[in-house]
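Note that chain A is present in both complexes that follow, paired respectively with chain B and with chain C.
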Partner chain A sequence: MSHANYGIAKHRFDTLVIGAGGGGLRAALQLAQAEATVAVVSKVFPTRSHTVAAQGGMNAALANVSPDNWHWHMYDTVKGSDYLGDQDAIEYMCRAASRLVIELEHMGVPFSRLDNGKIYQRPFGGQSQNFGGAQAARTCAAADRTGHAILHSLYQQNIRAKTHFFDEFFAVDLLLDDEGYVLGALVLEIETGEPLIIEAKTTLLATGGVGQLFRTNTNAAINTGDGMGMALRAGIPVQDMEFFQFHPTGIAGKGMLMSEGARGEGGYLINKDGERFMERYAPQAKDLASRDVVSRAIATEVREGRGCGEKGDYVLLKLDHLDPEVIMKRLPGIRDMAMTFAHVDPIDKPIPVFPTAHYTMGGIPTDRFGQVVVPVNQGAAEPVPGLYAVGECACVSVHGANRLGGNSLLDIVVFGRAAGNKITEYLGESRYHRPMGRQYVDKALGHLARWDKRGKGESVGALRDALQRTMEHYCGVFRIENVLAEGLAKVLEIEKRLEDVRLQDHSKIFNTARIEALELENLVSLAVATVTSALARQESRGAHTRIDYPDRDDERWLKHTLFYREGRRLDYKPVTTKPLTVDSFPPKPRVY
Partner chain B sequence: MRFSIYRYNPETDKAPYMQDVELTEIRPDMMLLDALRELKKNDETLSFRFSCGEGVCGSDALNINGRNGLSCITPLSSLAEPIQVRPLPGMPVIRDLVVDLTQFYKHYRSIEPYLIVHDPVPEEEFLQTPEQREKLDGLYECILCGACSTACPSFWWNPELFRGPAALLQSYRFLADSRDQATADRLQALEGPYRLFRCHTIMNCAEVCPKGLNPTRAIGEIKKLLLKHII
Partner chain C sequence: MATFEQNPEASDAQRARLAWQCRRGMKELDLLLQSFLDALFDGLSQNERRAFDLLLRYPDPVLLEYLMGRMVPVDREMADVVLKIRRNG
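Moving on to the complex of A and B:
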C-alpha cells in the first residue's frame, strides 16, 4: 500500500474483481491459476453474496437422467430467450456447461446423487429433448441449495489459491483516463469510512443484478445494480433493461422464492377452483413452461377473478400430493422457508404464490469473452480497454428476453472463467499500469463528497420506498404505453428528488446509511434506464409484455436496446443470430 | 412494541449503552429484521448487517433476548418485550450491532475448508453414492453466521486457540466427504489440548444454530476419528 496520491491509500494489482458472487469468484480463481495478482472487492463477506440464495440448480446436458446433449440445451435457451439471445454466446455456454459442472464437482460442490453415484438432475422450465420434444431433466442440483453449495466451494477454492480479498469494501466509481482506458476503481472501506484507490490493468465487474428496483422481489437487499450504475456514470450504456424476469412463484406478498425445482419435482399450480390452469396456457409443458409464460398465466388468472384468498390475489403451488420424503430430501430449504414466511408446511398444504421480481436479463453489454463492448461512432461494437463484466450485471446476451431457470448459475461460471482467460491474455500484452492522473480520481471523490452535505432533506429510505412502489406499479408484468409514460415521469421526478436527499448520519465508522445512499443513486439511474427502454419497445417479447402491442415484432424489434445516461439516449444493435459452428435457430412462434 | 438496543459509535460514544425505542406500527408476521429496518428509517445512525432477508446468507446473527439468532427469521411475535437486541457476544464491537468477525473467519480458513484430492481427477464426476452424500447433510448447509461460536464459553475463553464449533463443523464436513483424501492431515492439525479438545460439550452451539445443525455432534465424530486414527 502506498500514499502517493494525495493522502488516499492506493493498492495496485493486475486485476481488480468487483463482486464476490459466483461470477467474480470463478474469474478470480482462473486468474489466480494464471498467477496474476488479483484483488476481489465485495461489499459483503463473499459467502453472503446473492449467489448463495440460488436454489434449484444449474443446467448442463450431462444426460444423467434423460437423454440430452448441448445442442438441445442451446435450442431451448434460444427459444426461451424469445430469440433475443446471441446465438454465438449461447452455443459457447451450452457447449461448456458439462465441463464446468464436472469441474465444480471436482472442487467439492456437494451435488445430490443418483443411485449410480452420478450427479442428480431435475427437470426445470423450458427444457426439452430433441428440439422441443419431451421434457428433459437438465438441472444439476444440490438439494435446493445449489447456489449455497457452489458459492461456498468457489470461495473455499479461492482461500486455497490465496486470493486477496477486500471484504466489506464498497466500489463507488470506475476510474477512467482521457483515452477511455479503465484504470481501476475508487472504493470505500465500510468499516473505517476511508476511500482508497485500487489501480489495476484490468477491472472486472461482477456485481450482480438489480432486483431491488421492485418492492416485492426475491433478491437480497444488496442487489442494487451498483456495477451497472458505475458503468452508466462512466458513459457506458446498459443493454436490454426492459427485460426483467418476474419469477412465477414468490411467496405471495413477501417475495421469498419457491424454486422452479418445486414444480420440477412434480408440484403444480392451481387457481381458486382447484383447476390446474397451466394446462390451458401450455398444453405440453404445463407448469414447466418458460417463466414469462407461467408468470403471465398467473397474473391473468388473478386479473380474471380466479385468484385464491380473500382478495383473490394469488394462486397456490401444490406439493402436498408428493411423497413427503421427496420434499424433505430434495426441497428442504423451500419447506423451511414456506413454514417460516407463509406458515404452511408444503407437505400438508399448498403455498400461496405470485409472480415476483427476480432476475435482470439486461446489463452491461459484453461479448462472449466478458469484454465490455460499446458501439463506436454508429459502427461495430468495440471493447472498452481494461473493462470486463460477467454474471447478472452483464448482458452477453445468453438470456435475451427471458432467462431459463438454471441458466444463470451456468452463465456466471462459464463467463467468469472465460473472462479470466481473456484478462490473462490482455495482461500478457500489457506489462505496465497506465498513469493514474489526479483528475480521474477527483471526479469520483466529488461524487462521494456529495453525501457530506448537511441539512434537512428527504431520507434515503423514504425515496427508495417511493422508487420501488413506482416501478412495481408502472413497470410490472403487464405494460402499456400511457402507464409507462406516467411511470417515466415519476422516476424522473424521483431522480430530481434525489438531489435533495440528505444524510443525517455523517460518521465514518461502518456508516451503512452512506452505503444505502450510494446504492440508491444506482437504483434510480437503473430505474430510468428500465422504464425508458420499456416505453420505447413497442412489441411483446419474453418478459416484456405490452398490452398495446401483444405480438412479437421481429421485423422492427429483433434487436438489443442500448440506454445511455447522457440525454437518456437509446440506441440499438443487432442480435447475433449466427452461432459458432451449428446452424442458426431462426425465430419461430413460441409455444410450450 | 418496545425495544432495548445496544448502541455504540466509537466516534461519539465513550461507552456502549442500551437505547430504549418504540415501534408503533407492527404488522403481523413482522420479523425482527423488518423492525430494525423500520427503526433505521427513523434513526439512520442505527447500524447492523443484513442482506438476503430469508436466513440463507448469514449476515445478521445477533443476540436477541439473550439468545443468538438471525434477525430475519426471528418473528417479533416470538419475543418478550422489551426486546433486547445486542451484538454477538465475545466479539469486538465495531459499531452498534456490528461485530468484528476476523477471528471467526481466521479459524474457518485455518481448517483448510476445501476438498483435497491427491489422485488424478477422473474425466467425469467423482462417483458418490446417495448414502455417502447423505453424510454431508447437516454439515454443508452452514452459512457461517457465527451464532454458534459466539455462544460458546470455550470460544470466549480461548478465542485464539480453540477453533470453535463453526470451524470444526466445517472440518468434519470435509472429513466426512468420501471424495476427500486429506483425512490424516486434517486430523493431525486438530491434535493438541486446544484446537478441538477445548469443546466441553456445553451444547450451546447446537441449541442456537438457525439452520438446525449440530456442531457438537460433528466434534464428537472428529474425536472418534482421531481415536481410530491414533490406534
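Moving on to the complex of A and C:
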C-alpha cells in the first residue's frame, strides 16, 4: 500500500481518522465494521488519549435511579448551553444516549451496577427531572475509570475490526486540492522524524481540546488543539472559541482537578478572612452552585483582595472540619492528589484552589452528521468535501456556551458513530481518490521545513509560557473590553515572536522539541481566535463573562461566532433553535 | 517500538523516546513523569532505566495508582523507581 512519492512514503485509505480518543475510535469502528479501510493516526499511543482522564461518567436518561427521559435531558442541555446549543443536534444526542450506553456495555465497558443489576447512575450538576424540577441521576460510570474503560473497549474493538493504527505519528497539515476537497494529511513519524503522506477520500479530525491555551488547566500536555489549528491553516473557521469552561476548583497554580465530590461531601470554600463566601453569591446552592457561578465567585474574591497566600491569588477548599474517616473513605483520590501536588493533607489543612481551564466548547463547525460545514458567500453553511470532525475539537454545537458534566463522553460516542455513518455514505458515492498534486504536498512540507532554520532565537518553552500567562491574565474567567484589547495586542505580538523561534535540537529521532514547536503554532493561532472572538462578543453568556456587559443579550448575540485566520475575520451564523421532532425551548433566564 | 531487551539503545535516543512516552492522557502523570525525567533520568542506572521504560508501558490508570501510592509494583526495581518519582513530585 505504501509507495514512494516525491521521496516521501505514501499510504492510501478510504478514511483517515486523526485522533484516537473516544471520538476518533468510535468513528473508526463504525467505518471498519462497514468494511472501509481506515487509518487512525495518534500522536500518543491510543489508550493514552485524554479521554482516559474522564472519571465522572457519561449521561443518558436510562431512568435507573430517578425518573428520567431524553426530553428532560435535552431541556437541561439546552438550558446549560445558555441557549447557544443547536437544538437539532442536542435532540439527536439525547435521544441516542441510552442506546449507545447499552452498546458500550456490550462492547465490554464495565458500568457500575445497582443491586437490581441495572446500570448505576449518579447525580451531576445541571440534571433535572421534568424540565427544571427535582435533581435527576443521569450519569453512568464505570467506577472512577469511565473514560479509560470506554477508550480501552473501543481500542480492542478496532483491533478486531482491523483498523490500521499509526501510533506516535503527528498530523501536521491537511492536504487540500484547488477545488477545496480534503485529500488527507501530511503526518510526521515521531520515532524517525520522517514525513509521510496519508491519502484518503475522507478525513476526520478528532484531536481533542485545547486546554493548554491557559497556564492553569486540567488537561494533559497533549491537548494543544492541533486539529483546530490545522483547520484554521486550511482556511476553515473555528466556531465559538470565546466559550471556554473553567472548573472552579483546580489546585492553585497547578490546575489539577479537585472534583465537585469534595464539596458534595461537605467541603466548602473560604477566603483569607475565613469567610464561607459562597453564601453571598448563591444563598441556596452555596458551594454546590453551577461551575460558572462558583468560578466567578472565586475570581471575584481574589480580584477584590480577599484571596489567600502571599500574593492573595487563591482561595481555600476546606475539608479539615470533616471526619477523617469520611475523607479517607469517600475522597481518597482527592486526598492523594492534594498531598502529592499541593503538599497538603486535607485532613489537617485546607487546599489552595483557583479556577482552572477545563473544556473547549468551541471548535471546528460541523453539522450533526460530523460534516465540517462553512457558510458559502453569505449563504447557508455547506460541507467542506471530504472533511469531518468530532469530539472536543468540533463544535456541533451541543454544548453551546457551557457544557454540562457528563455530556462530553456522550458527545464523542454519539457523533463519532454518526460521522462514521455519514462517511460510509460518502464513500459509497466516491469510488476513487482524487489526484494528489505535488503543490498540495509542497505547502505542508514548506510549513514543516520552517523548523529546520538554525541560529539563535527564542525558545518554544519560553514563548508557550508567555502565551499561557497572557491568556490566563487577559482572557480568563472575567473579561472586559480594555483588558481583552490589551490581551489581543499581546497575543499578536507573541504571534510575531513565533517567527523568531528557533529549535536548538535538530535531531530526527523522537524530537519532542520539534513536536512542541508545531503544537505551539496551533496554540498561538487558537489564542488569537479566542481573544478576537471574546473581544467582539458584547454580552455575558455561559462561560463567557463580560464585566462590561453583564447580561445575556439574545437580541444581538443569540448567534455562533466564526473566526477565520485570514485577516482575523469574524462572521456569525444563526443558532439552530428548531429541534428535530419536539417543540423548541425558547431562551429563558438561566437560574438554578 | 523495540523493547529495551531486544535492542539496547544509545542513551540519548532512549531518553528522547522516553521523553515522548512520558506524554500521557492525564495531567497528573505528565507532571510527575516529566519532572522525574528532567531531574533524575540521567543519574539512573541501566536497570533503573529499564524499569522506568517498562513502567511507562502500563495503562494510565495503573500508573496513577502507582504514583499516588495506592498500589505498589511487584517488581522491586520498578517499585524503587516509583518511589523516586513520588519523592521528586
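The working rule: the second predicted complex is superposed on the first by the 504 of 592 C-alpha atoms of A that agree within 3 Å, B and C clash if a C-alpha of one lies under 4 Å from a C-alpha of the other, contacts with A are read in each partner's own complex, and residues count from 1 in each chain.
Just so it is clear, a residue touches a chain if its C-beta (ideal position, glycine included) is under 8 Å from a C-beta of that chain, and two chains touch if they have at least 3 such contacts.
Just so we're clear, the structure is a prediction, and the values are computed from it rather than from any experiment.
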item: Simultaneous placement of chain C and chain B on chain A, clash or fit; value: clash
item: Chain B versus chain C as contact partner of A:G117, first or second or both or neither; value: first
item: Chain B versus chain C as contact partner of A:I159, first or second or both or neither; value: first
item: Which superposed partner A:K496 touches (first chain B, second chain C, both, neither); value: neither
item: First (chain B), second (chain C), both or neither touched by A:S459; value: first
item: Touching partner for A:S507 - first (chain B), second (chain C), both, neither; value: both
item: Which of chain B and chain C A:M107 touches, first, second, both or neither; value: first
item: Chain A residues touched by each partner, larger count belonging to chain B or chain C; value: B
item: Contacts of A:R469 with chain B and chain C, given as first, second, both or neither; value: neither
item: Clash-bearing segment of chain B relative to chain C, given 81-89, 117-125 or 153-161; value: 81-89
item: On chain A, positions contacted by chain B and by chain C; value: 44-45, 47-50, 52-53, 145, 148, 152, 191, 220-222, 256, 333, 336-337, 340-341, 507, 509-512
item: Touching residues (chain side chain C, partner chain A) in the complex; value: 1, 12-13, 16-17, 19-21, 23-32, 34, 59-61, 67-70, 86, 89
item: Touch list for chain B against partner chain A, complex; value: 9-12, 29, 40-41, 43-45, 47-59, 73, 94-96, 98, 101, 105, 109, 112-115, 117, 121, 123-130, 132-133, 136, 140-141, 143-144, 174, 177, 179-180
item: Footprint of chain B on chain A - complex, ascending; value: 44-45, 47-50, 52-53, 101-102, 105-108, 110-119, 142, 145, 148-149, 152-153, 156-157, 159-160, 191, 220-222, 256, 333, 336-337, 340-341, 459-462, 503-505, 507-513
item: Contact footprint of chain C on chain A as seen in their complex; value: 43-45, 47-53, 145, 148, 152, 167-168, 190-191, 217-222, 254-256, 332-333, 336-337, 340-341, 507, 509-512, 515
